[in-house]
Amino acid sequence: MTMDALSGVLLIPALSACLLAALPGYRLTARLNVLAAFLTFATAVSLFVVEPKSGPYLLVDDLNKVFIVLTTFVSFTTSAFSASYIGHEIEIGRLKPGYVRFYHAMYQVLMFAMNLALVANNIGLMWVAIEIATLTTVLMVGIYRTHEALEAAWKYFILGSVGIALALFGTILIYMAARPVIGEGLNAMVWTVLVTHAAAFDPALLNVAFVFLLLGYGTKVGLAPLHAWLPDAHAEGPTPISAVLSGLLLNVALYALLRFKMLLALNPVALAPGPLMVAMGLISCVFAAFMLYRRRDIKRMFAYSSIEHMGIIVFAFGMGGPLANFAGLLHMTMHSLTKSAIFFAVGHIAQVKGTQKIADMGGLTVTHPVLGWGLVLGVVAIAGLPPLGIFMSEFLVVSSTFSRQPWLVIILVFGILIALGGLFMQLNKVAFGEPVGPTGPVEASYVPMFAHLAIVFMAGIYLPPALVTGFQNVAKLLG
Amino acid sequence: MHGITFDIAHLLAGSLVVMSFVQLYQDRLSALINVFAAHALVLALSVAWQAFVQEAPHLYITAVIALVFKAIVIPVALRRIIVRLGIHREIETVVGVGPAMLLGIGLVALSMVVMLRVTADADPLAREDLAFALSVVLLGLLMMVTRRNAVSQVIGFMSLENGLVLAATGAKGMPLVVEISVAFSVLIAFIVIGIFLFRIRERFDTVDMQAMDRFRGEKR
Amino acid sequence: MAVIRDFAFQGAQMLLVLLLSPLLTGFVRKVKARLLRRQGPPLLQPYRDLIRLMRKDVVLADNASWLFRVIPYFIFAATWIAASLVPTFQSGLLFSWSADLIAIIAVLGSARFFLALAGLDVGTSFGGIGSSREVMIASLAEPAMLMIVFTLALIAGSTQLSTMAAFMNSPEVGLRVSLGLGLIALIIVAIAENARIPVDNPATHLELTMVHEAMVLEYSGRHLALIELAAALKLLVYLSLIACLFAPWGMSPPTAEPRLLIIGVAAYVAKLAVGGVLLAVFETAIAKMRVFRVPGFLGAALMLALLATLLRFVSRSF
Amino acid sequence: MVVYALYTVAALLVLSPIAVALGVAPRGASAATSLVYGACLIVTLVLGAVALLSLLKYSDTISATALPLGLPWLGAHFRIDALAAFFLVVINLGGAAASLFALGYGRHEETPQRVLPFYPAYLAAMNLVVMADDAFSFLVSWEFMSLTSWALVIANHRLAENRRAGFVYLLMASFGTLALLLAFGLLAGSGGNYAFDAIRAAQPSAGITALVLILVLIGAGSKAGLVPLHAWLPLAHPAAPSHISALMSGVMTKVAVYGFLRIVFDLLGPPDWWWSMPVLALGGITAVMGVLYALMQRDIKRVLAYSTIENIGIIFVALGLALAFKAEGLAFAGALALTAGLFHVFNHSLFKSLLFFGAGSVLNATGTRDMEQLGGLIHRMPQTAFVFLAGCVAISALPPLNGFVSEWLTFQAILLSPQLPSWGLKLIVPAAGALLALSAALAAACFVRAFGITFLGRARSPAASTAQETDSSSLAAMYILAALCLLAGILPGLFIDALAPVVQSLSGGRMPPQGTAEWLSIVPIAESRSSYNGLLVFVFMIVSGATAAFAIHRLASDKVRRGPAWGCGYPAAGPLTQYSADSFAQPIRRVFGTVVFRAREIGEMPPPGSTASARLTVEVRDLIWNALYAPIAVGIAFGAEQLNHLQFLTIRRYLSLVFAALVLLLLALAIWP
């Protein structure tokens, strides 16, 4: 494998992981972490400039380019956020310095795994990568070693493992379906080959395979009723990891799902994957919306909001069509940026207030105007209000599908509305009213948070043509 | 391929399913572990047979892993755990044995129906194997959801995974099988160590999931 | 030349109504008294009262505001305009088109609006009771009146009083159901608007039954005189309305021919006399209602008028 | 034309960050206040002038442009035609007045940094809604308008009721926006031609148009406050600072009306006759319900908010008539009805802003909005009292002010409606007319009560007895609006002629030019049929009143003596003995409230010999809330409670969920053909 940008996005994290595992002292490692993440991001961007040719193992096309750049960017900003965050955690002694080395190493491993999953041209390789990503996140969720953290990690681990198992079975079935057509051996697991022959595959096998893949990777996406690990993992893990989980890992799993959807869509006889995705999307959206109301832990609440948005995205892709797919991609991008920004804000808030309980924080816009209004802006964005990006994507999702499936869209709209209610009910408690809890200053930089929000804001008003054409190509690719 | 090899492969796969049923039938942990060891043994045999049939030497590695790791190491470790926890005589099921068996039969029937829709030109061996593998997988899941004890859940998960390996080896010429089985062994090791850790750190006085749920983040 | 004549006629009507209205009030009082076998005050008594009141000083309550002092003049002006726009002895006067029937009703409405405010200005429970009941009555009487207007306008194809009168005079108005309903409703409304028995009793000073008198209780001297005069004018307006809409006979067209004018004036006076007698008879024959039976009374008027309108909408022949 | 307008809007948008910056700066608040409101005043005046110019002079030319914003493949289209120009005039007139008022009023704001940044953005958003020419920019501006106003509603966020008001408001607003979004989704189809031109060109099927009409009634109606979607309005409008309340009530509800007009009259193509049925029915009910609610309120700003609902009802009745006439091809009658509606839009924006300004001045002077705490303010604040009275007369539809003219035109339109052939309309139009008449009478009662209890009588609280007259710029704003009310009342012809191009573009017909009618009176159809001359009536009133006063003072007496009021012999007639807001409403409550609100009066007499005081408690139920909104809230709470159990399952149960899903899907495959 020649040393090109493609291997760069894999090697940089891998090497820096080893390096960080070896180095002591969190300040240095934190900086190195940021540096590595930035280099990865830079290499990812360079993919647009020179597109390396994809081999039997690695692959670059319009679809995963979008995902890679998004992933690397958010992981870069998150690493910047985590640098200050972890510093504070060590000061208050919540995190032992010993763990930090481990934490940073794991962070890079996670980046490596996610990038690998995105560039893998081999369904088996992709599966392995996603498994690694899961394991690393399990370890990071449990890093605080509290009852809750361990319990969340354990739950995540068990459910995740089952998911992985199901996904693997699906992968095997795909191979079985491909073998008679393509012949034995590696080729029967290579994307580019699979796609060209998909029409000839045995439909029944494809159907069973898709069911297993949907449930297996759907567990990672956090679709209800497979979502159970997600809220606790978000709530109990360190906040940077919550941001990465919501902003990236869910996308990676979604990416896998989309690949297989394309595969099925190419086969005329096999069942249409759309309706299944639409159904699960709607269930997730409405269910998560209702779950927002009773939440007492702010991070868990936003985790549920992630489930809701994943539901919307899966719905959009399930409906298909150029506009809906475009909307789905846009929504996914906007959600990643917004949700990670919200988690940055929540991290600061939790550190200031010394708790994640919504009841113990209040009147933020009075005590911490910047932070409070930042959170308000984030919630406004995530609730799908203009002039921020998610409004555009929701506009496109709803308006482009309503004339096709009125009743389903009405359910979706219902979910969106319920979710908006829940979010603002909680926001009223957190951001407004009489101040509650400690009002100490925030010693951390707002830059990552507002960088994200600025992008989201700009996207809501103006999308650069390059991005648009890229998305449109992908939308066509997805059919 | 000629009939006899086919029949043997068939026999082994089938007996794996039977083993899963025996697992479902067991309600004592110690006995359950024994049965699982047998389960792994059968798997090892069937994998080895596949290696022989497909002339794929690398599959022997998988067979060996199954034999050594799953049939010997894990059972021993688990037995030590349950002895330390003093739950080796424990009898615990959520669903009674009878209903569990019935469900199991239903699942096997389901997997048959689903798999036999596959057009026959995919070679019959693969087809049958998949049917059995699917039933083993489903039975493993059933085991996980009908047992309350972490150990028996782990065992359920491992038999599920056995089903996967069966399917993977049955898939003729599938690459990465060895790697996958290794990866899974690592996963299982994690789980076992996890249970062990919880015990040693005295975080959980029992490995019963309900006890663990007491430490849920958000109390009612 | 013609313009001057038109001005003259318009002015004549304004003076006529102004001078005639106290006489009408006195006449009704007289007839009522006679019906009760009483001697009753002389016909010209209202004029004497007015003049005496004019001469008296005004006694203002301590916290009466400037509004309280402006209102009587406004009420008088508004009512007087209304009276001068209703065709009496001649139709198609110079300014008759400056406000159609709806506008006239609204002008009277604004007079009432300010009267109700006057009741609240001093801040006694008396004034409050009066104005709160007044607005309650108005809230039913005004829609009823508007429905009546709708009915008549739909029949005559106009809300312009002169046109309507002309149409009513013409043969093609037969007997119509809607007309009858409208007339009954109009009479009820007129009684309510002028605070006559059975809705209100202009002669009482018993708190529980007063509406109009309670509002003006704090007024005295010239202010009171103006309000009395306005009340008299209002009675005249409604009688002339009924006359011009339901009995436009003898009203002179816009012309200067003396004969027609004389006939018109005579006919008008006669109509007023008849109306006054009928009113007096009605008032003596019936007893005052409890305040909260009034809504039922007016509600009936509203329903009748609405029914009439509906009939008109459904078919031209009703 | 539109380009200049966009520049001014951009200027408004730029003000927001400046306001933020100044607000952060130490003691920058007062500077920010004068800067923001001053700048807003100028900008809105400019924009209003531009719009007025394009309405009067270039009404036939449509100026449009597209910016490379919004949906990438579509761009953000903006366009000013006659309709947009008219509403721009309304918006910016209201905005200018509010800014002028706030130059004085805004100084009393405790937390200006929570108001100033959003105020210009709010104005900008409303202007953009009217200029937008594609579905996306329309909805973005629409929802942005809701968002900014939400921020302004919770400007005083420490009061729990304000937070609740903001919550309900934002929820209802998003509900409406989503309804409009669905409507546009139907109009644009899955192809996504969101440009208004494309939508105009498309010929949707009857079913689609019906659905769109309903969705638009929900979307625009919930913003405008049509019963039963009005519930947020009386909560949100009073909660905001008074100049914002004025904008929300006087202007934003009109933007909602614009949305309705734009979609139903312009985009949706030729109407069916039945479209007008729901509009008329809802309008009539809204008018009466709104004013009845208003009569039951104690909070003066809430009274005004409910009266806004009433006026929206009147407007929608007029629009419904216009729709019916247009559907039956009676272009001229349609023009009359539409003129009435639009004129009332203009008038209401004038006097409702005026009244909210007055209420704001009272709130500043006394610190309370509860009418039971006020009274006698005419002595302390004579000028405010005077302008407020003018507003009350105008809104009660009494000549010679403007409220009457638009209502008179509406009645004239109703009198034309027997020409309508369809039977449903023959029955519903007179009913709507009756409801309109009823609401007009009740409105008069409501504002006698509002003015009388607040400004007349004796002070009911120390705060009211020590109130001070409000500042000059606030007064200036109110006087200007009052003058405009009078102008529109006595010279309606000019305004009707100005409306002609709008009406022409929407209904295909127009009223005869009024400017040429002799004596400047308005003649909708023919002089023999109906005519009204506000100027003459006004002059008559002044002249005859003045002559009477002159004559009496000359010939009779002009002496005045002061004395105590006659208390019926009751010695200690304290301020509490005068009629209160509730007691004033009592007769009407008895007549209407017993049915509409299940109003009950429970009197508790102490037992003989006990010294306890007797109690009279009045209970009034909001049946619509109980029947519609409470169940929804309960349902959502129930759903949340039930689903919440899923947060607390054991891992094994979660696994069984996965297992169940898997088995279910496999079963589905098994039976899938």
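Note that the chains take the letters A, B, C and D in the order they are written out, and that residue 1 is the start of every chain.
The rule we apply is simple: a residue touches a chain if its C-beta (ideal position, glycine included) is under 8 Å from a C-beta of that chain, and two chains touch if they have at least 3 such contacts.
Remember, it's a predicted structure, so these values are computed and weren't measured experimentally.
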Contact-richer chain pair (by C-beta pairs counted) among B-D and C-D: C-D
Averaged-CA centre spacing for the pair subunit C and subunit A, given as whole angstrom: 78
Geometric centre distance via CA averages, subunit C-subunit B, whole Å: 99
Centroid spacing, where centroids are CA-atom means, of subunit B and subunit D in whole angstrom: 69
CA centroid of subunit C to CA centroid of subunit D, Å: 35
Set of subunit D residues in contact with two or more other chains: 647, 651, 655, 658, 662, 666, 669
Where subunit B touches two or more other chains, by residue: 114, 117, 141, 144, 153, 212-213, 216, 218
Multi-chain contact residues (two or more partners), subunit C: none
Touching pairs among all chains present in the structure: A-B, A-D, B-D, C-D
Residue ranges of subunit B touching subunit D (in the complex, touch as defined): 94, 107, 110-111, 113-114, 117, 138, 141-142, 144-145, 147-148, 153, 209-210, 212-213, 216, 218, 220
Subunit C contact footprint on subunit D (complex, rising order): 375-376, 378-379, 382, 385, 389, 393, 396-399, 404, 408, 411-412, 414-415, 417-418, 426-427, 429-431, 433-434, 437-438, 440-442, 444-445, 448-449, 451-453, 456-458, 519, 521, 527-533, 536-537, 540-542, 544-546, 548-549, 552, 555-557, 559-568, 573, 575, 577-579, 583-588, 590-591
Subunit D partner contacts - residues on subunit C that touch it in the complex: 51, 54-63, 65-67, 69, 73-74, 76-78, 80-81, 95, 97-100, 102-103, 106-107, 109-110, 112-113, 116-117, 119-129, 131-133, 135-136, 138-143, 146-147, 150, 153-154, 157-160, 163, 207, 217-218, 221-222, 225-226, 291-292, 295, 302, 306, 309-310, 312-314, 316
Residues of subunit D touching subunit B in the complex: 647-648, 650-652, 655-656, 658-659, 662-663, 666-667, 669-670
For the subunit A and subunit B complex, residues of the former touching the latter: 124-125, 127-128, 131, 135, 147-148, 150-152, 154, 157-158, 161-162, 164-165, 168-169, 172-173, 175-177, 179-180, 184-186, 188-189, 202, 204-205, 208, 232, 235-236, 295-297, 300
